[in-house]
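Quick heads-up: structures coming right below.
In the two assemblies presented below, chain A is common to both, partnered first by chain B and then by chain C.
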Partner chain A sequence: MTDTVQAGRRKFFDLARPSRQHLLGYILIAPAVLMVAAIIVWPLILAIDLSFQQVKIPRLGGASRPFSLSNYTWLFSSQEFWLACWVTLKLVVVVTAGSVAVGLSTALLVNNRFKGRTAARLGMALPWAVPEIIAVVIFAWMFDTSFGLFGWLAIQLGFADQMIPWVSSSTAAFWAVAITMVWKGFPFVSIMCLAGLQSIPSDYYAAAKVDGASVFQRFRWITMPLLMPVLGVTLVLTLLWVFRDFSIIKVLTGGGPLRSTQTLSIMTYDQAFQYHNFGRAAAVGVLTLVICIIASLLMLGRRSKSIY
Partner chain B sequence: MNKRLKRLALSAATATLMTIGGLSPAMADTVLKFISWQTDDAGTGEWWHSAIAEFEKQHPGVKIEFTKAERSSYADTMTTLFAANQPPQIVHLASFEFQMFADSGWLEPLDPWLEKDGIDMTGWAGQKTCEWNGETVCIMTNYFGFVMAYNKKLLDEAGVAVPKTYDEFIAAAKATTKDLNGDGIADQFGTGHETKGGPGQYLTEMLNYIIDAGAYWTDKEGNITIDTPEMVEGLTRWKTVMKSGISPVDMSASDVRKLFADGKMAMRLDGPWLYGTTEKGTAKSDIVYVAPPLTPPLGGSSNVLAMPSDIPDDQKQLVWDFIKLTMTPEFQRSYATMGGNTPPSPKADVSGVEKTIPHFPVLLQTMKEASEKGIDRVPTGLELYYNEFSKMVMEESQRMIIQDLDPAEVAKTMQAKAESIKG
Partner chain C sequence: MRRTFAQSLALYATVIFTLVMILFPVYWLIVTALSTTNELYRLPPTFWPTEPQWDIFARVWAAKPILMWLWNSMLAAVGSVALSMLVSVSAGYALSRYSMRGGATMGLFVLTAKMLPATLLVIPLFSIFSSFGLIGSLWTLVLAHSTMIIPFATWMLKGYFDTIPKELEQAAMVDGCSPLGAMVRVVLPIATPGLAATALYAFVLSWADYAYARTFLVNSPDNWTANLGITTMQGEYVTYWNDISAASVFVALPIIAIYLFLERYLVGGLTAGAEK
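Right, the complex of A and B next:
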C-alpha cells in the first residue's frame, strides 16, 4: 500500500513526463517572476497607493493616510504639470526624430563596404558605451556659458558675437539638452538599424538595380519597408528612454531655466525630494506611466500593424 | 546507520548555528552610522575624524562608520534613509533642511539630554534655529559670517582700492573684468557667483546684495516682506551684477572658488570654507581676507547635529556622548584651529588661532556682526517651505534677468507667490 502511494507521488513529481513539462517551466521561471514582482510590481503598487494619499514624506511600515484624490486634483489644475507635459512632448519628438535621423543615416553609411568600416562602426557605437553621467559632464563643460567650447566655436565661426548662455536661456537650454540626448541616443538606433539592414537579402537590391531603380527608389521601396519592424520597436524604445531619462537633464540644467527643460521625470523628483510632497510625486509618476503605456500601445498596437 | 548519521549531522549544524547566533551580538562592536558631506573637506573633515577617534578611544567596542554623501544629493539620501526607517544614528543635516525631519517627529528632543548634563546653551551662536515647536531638536555645529577675499595683485594692476561700499565694489569689479587674450571672451572676472548649485545656493548668493540694500524676505514674525522699496533696490543690484558681465555665468561653487584661487577673479564674497580652496590655489600669496563691503555681512546657521527619535536608548546615549564631545571647549577650539571655522560655543578659546589662520579675527568679527543683526539664510516662517520658496525666488530672479523685467514688478510677483506658498 505504502509503496503504491510513494509510486503515485513519484509519478506526480516526475517532471520529465511530457504532461508535467509545463510545471517544470513554471518552476524554473518562478524565481525570476518573484524577483520582478518584488522590484517592479510591489513598488508600483506602493506608488499607486501613495498617489491617493495626502502625504509629505512617507515611512516604510507607517500607517496609511485616508484615501484622497487631492494629488490628482492639484495635478490637473497645476500649470506646472501641463508645462512639464508640453516640455516632455517637445523633447520626445525632437530627440526621437533626431536620434532616428542620425542613427539611420549612420547605419546606412556603415552598412556599405569602405576602407575603415570597422573603425567607423566602433566610433558610431562609442557614445552608447560611455556612461551617461560622464557624457553629460563632458557636454556640460562644452556648453559652459563662460568658457565652453560651443560658445567659443560660435564666436570664432561668426555665428555669435558673444558667448551663448546655454544654461540660462530657455531656448538654448532646451536645445543643449536635446543635442546631448540625441548624441547619447543615436547609437542605439544605429545598431538596431544596422542589424535590420544586414537581414535584408542583397538579391532584392540586385533585382531592383536590373529593373533600373535609383538609389532613392531602392531606399524607399526596399530598405524602408523591410526595416520598419526593427525601426518600429526602436522608435518605441527610444521614446520610452526619452520619457524616463532623468540624469541628462538633472546634471545639465536641473530642469531650468524657468522650467524650460522640466520634464515629467524631473517634476516627479522635484515634488518628492525638493518639496517633500511624495503623494504628488507618486501621482505624477503614475500619470507618466499611463502616458507611456498609451504611447507604446498606439505605436505597437493594431493601428501600426500595417508597418510590420 | 545512514539515518542516524544524518540526524547527527543535522543536530551538529543546528547547534553550531545557534551558538554562532547567540555569541555574535556579544562579540560584535556597536557601530554607529554617521553620514556627512564633510568627510573629506579640507580642515573640517579632519576635525570630524579627530572627534570620531577621540570618541572611539573613550568608548572601547564602539565604532563610528563615517560615510560620505555628496552635498548635491545629501537631502535626497537622508530623506530616503528616514523614509526607509534606516536613519543613521548620528544625524548631520544642513540648517535649512532639518525642519522637515523635525516636523515629522523623527528627531529626538534634546532638552532632557542637555538638562541631564547641565549644559547651558546661552550664547551658543545660531542655537535658536534648532528650536522646533518649542523643543531643541539639534545642536548648531556651525554659524558663520561672510567675508570678502580679494586678489591684491589684480586690484593693484587695475589701480582700484579695496571697496568699502556696494558702488565701490561694482566699480572695482568692472575695472578688473578683462579679456586677456583678445578673443572677445572675458578670461578674468571682477567677482563671481554660483548660480548652478540649486535654489538654496542661488538665494544665498543674491542675499549679499539684498541685505546690504536693507531688505529681507520676512520679518521676525514671519510676515512676507518682499514688496518693499528696499527689496526692489536689492533685486536691482542682483540684476546689475548678473547682467554686467562682471561675474561668470552658470558656474558651480567649486568652479567659482577655483577661478578665484587661481587668480582669474578679483573678489569673492564667501564663507569660512573658501580658505581651504585658496590655500591650494596658484594665487595663494596674492589673496587677502577682509570684512565684506556689503553690510551687515551675510551669515547664518550652516549645519546641525541631531539624533533620530526611534533608535534604542543605549544608542541614544552613545550618540549624545558624541554630540557632547564635539561641544566641549577643546573640540570647539580645534574646530577653529583645524577647520578654520568659527565655533558657535561662547566658551571656545580661540586665542592664537590667527597665527595659523591670519584672517580668523575677520571671520569672528563678521560672525558676531551677522549674529547680532539676527541674519540667517532661512527666513522665519518659511522654514518648512524653504526649498519651494527658494526655487520660486530663483525662477523669478532668472525671469527678471532673462526677460529684462522691472525689479519692482518682480518684487510684487515674488510677494504674491511667497504668500501663496506659505498658505
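Right, the complex of A and C next:
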C-alpha cells in the first residue's frame, strides 16, 4: 500500500512524464516572469498611477494622492507640450529619412562584389559601435561656435558668411542634433538592409537580365519589393529610437535653446529631475509610450509581429 | 558580372569617398586629442598636428579616474548581462519548447517593452530605488539595464532555440537524461554561439547607457560609469577638448574592439529579430 503511494508521488514529480512537461515549462519561465513583473510591470503601473496624481516628489508607501486629471489637463493646455510634440515629429521625420537614405545607399554600395569589401562593410557601420556619448563629444566639438570644423566648412563652401551659432540658434541647434543622430543611426539601417539584400537569391537578377530588365528596373521590381519587409521593420525601430533617445540631445543641447530641441523624452526627464514634477513627467512619459505604440501599430499593421 | 575598367574605378572611388566621409568624425576625435591647445583654437583647423601630443593619453589617464569609470561600466554591464542571461536563457528555452498559455501575450509584451522609453521607466525606478536606499549604488544599474536586456534577450534566445531540432533532446531523454539535463547538457552547448551573440549585444546595450547612470549615480563619483564620467569633463564655460577627446578614445575603444573582432556575432544579434 505504502509502496504504491510512494511510487505515485514520485511519479507526480517526474518532470519527464509527458503530462508534466508543461509544468517544467512554467518552472523555467517563472524567474523571468517574476523579474519582469518586479522591474518593468510594477514600475510601469506605478508610473501610470503617478500620472493621475498631483505629486511633486513621490515616496513609495506614502499616502497616495487623490485621483486627478490635472497633469493631463495641464499638458494639453500647455504650449510646451505641443512644442515638444512638434520638435519630436520633425526630428523623427528628418532623422529617420536621413538614416534610411544613407543606410540603404551604403548597403547597396557594399553589396557589390569588390576587393576589400569585408573591410569596407566594417568601416561603413563603425559609427554603430561608437557609444552615443562619445559621438556627442565628437560632434559637439565639430559644431563648436568659435572653432568648430562645420562652421568653418560652411564658410569655405559659401553656405554662411560667418561662424554659425550652433548653440544659440534654434534652427542650427536642431540640425546639429539631427546630423549627429543620423551619423549614429544610419549604420543600423545599413546592417539590416545588407542582411536583407543578401537573402535575395541571385537567380532573380539573372532571370530579369535575361528578360532584358535594366539596372533601374531590377532595383524597382526585385530589390525594393523583397527588401520591403526588412526595411519596414528597420524604419519603425529607427523611429522608435529617435522618439525615445535621451543621451544625444541631453548632452549636445540639453533641449535648448528655447526648447527648440526639447523632444518628449527630454521633457519627461526634465519635468521629473529638473523641476521635480514627477506627476507631470509621468503623464508626458505615458503619452509618449501611447504614441509610440499607436505609431508602430499603424505603420506595421498586421506585420507588427515581425518586430519582435 | 564583368565590369569595365571605368565602372570598377567609379565603384572604388565611391566606396573610398563614402568611407572617408563616414569615418571622418572618428579621425577628428583622434586629431583633436593629439593637437595642442593652440592648434585647436585656430582657424583654419589643423588637419594633422605638427607635433602629435601622444603623451596626452598618459596625462589624462593620470589626471582622471578613467580606469575606475571603465571598471564601474564593466561591473554594471557584467552584472546586468549575467542576471538577465540567467533568467532569459531558461525563459527563452521554455517559450521555444513548450506550448504555454500566454506565449503569444509574451510576444506582445516584448514588443511593448521595446517601445518603453527609458525616460518614463526611470521615474518610478527612482522612487523604488530611493525607498530601498539603493540610489548611488551600482546595483541600480544592474537592475535598470536588465529592464532593457531581458525582453529582447528572451526573444532572441527563443529564436536560437527554435533552430535546434527537438529530436536531439528526445534522443537524450530516451537514453535516460532528465528534461533539465537534456537542456543543460545537449541544447545549451549547441546554442553557445547564440548565447554569446545575445550576451555580447546585451553588453553593448548596457555600456551605452547614460540616462540611468546620470539619474541614479550622479552624486556618487566613486560609482560613475565611463559615459557619465566623460560628460562631467564637459565644462559649463570651458571644455578642454583635447583632454575629453583622449578620455573618449579610452571609453570607445572596448566597444569598437568588440565590434571589429566579433562583428559576426553582433550583427547576428542585430538582425535576428527582423528577418523572421
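Please note the rule applied: the second predicted complex is superposed on the first by the 301 of 308 C-alpha atoms of A that agree within 3 Å, B and C clash if a C-alpha of one lies under 4 Å from a C-alpha of the other, contacts with A are read in each partner's own complex, and residues count from 1 in each chain.
The criterion applied here is as follows: a contact is a pair of C-beta atoms (placed from the backbone, for glycine too) under 8 Å apart; a residue touches a chain by one contact, two chains touch by 3 or more.
Keep in mind it's a predicted model, so treat the numbers as computed, not measured.
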Mind telling me which of the two, chain B or chain C, contacts the most residues of chain A? C
Please work out whether A:Phe150 is in contact with chain B alone, chain C alone, both, or neither, and reply first, second, both or neither. neither
Should A:Gly196 be classified as contacting the first partner (chain B), the second (chain C), both, or neither? second
Using the superposition on chain A described above, determine whether A:Phe188 touches chain B (first), chain C (second), both, or neither. second
Touching A:Asp161, do we find chain B (first), chain C (second), both, or neither? first
Tell me the contact category for A:Arg259 with respect to chain B and chain C: first, second, both or neither. first
Which partner does A:Phe273 contact after superposing on A: first (chain B), second (chain C), both, neither? both
Thinking of the overlay built on chain A, is A:Phe52 touched by chain B (first), by chain C (second), by both, or by neither? neither
Check whether A:Phe81 is in contact with chain B, with chain C, with both or with neither, and answer first, second, both or neither. neither
Going through chain A, the residues touched by chain B and also by chain C turn out to be 58-61, 144, 146-147, 152, 272-273, 278
Residues of chain A that touch chain B when the two form their complex: 56-61, 144-147, 151-152, 155-156, 161-163, 165-170, 254, 256-259, 270, 272-276, 278
Any idea which chain A residues touch chain C in the complex? 15-16, 21-22, 24-26, 28-29, 31-33, 35-36, 39-40, 42-44, 46-47, 50, 58-61, 106, 109-110, 112-114, 120, 122-124, 126-135, 137-142, 144, 146-147, 149, 152, 183, 188, 191-192, 195-196, 199, 230, 233-234, 237, 240, 243-244, 246-247, 250-251, 265-266, 268-269, 272-273, 278, 281-282, 285-286, 288-289, 292-293, 296, 304-308
Considering the complex alone, what residue numbers of chain C touch chain A? 1, 8, 11-12, 14-15, 18-19, 22-23, 25-26, 28-29, 32, 40-45, 83, 86-88, 90-91, 93-95, 97-98, 100, 107, 109-128, 130-131, 143-144, 146-147, 150-151, 154-155, 173, 178-180, 204, 207-208, 210-211, 214-215, 227, 230-231, 234, 241, 244-245, 248, 251-252, 255-256, 258-260, 263, 267, 270-271, 273-276
For chain B, which residues count as touching chain A in their complex? 75-76, 79, 82-85, 100, 104, 183-186, 195-196, 198, 248-251, 387-388, 391, 394-395, 398-399, 401-402
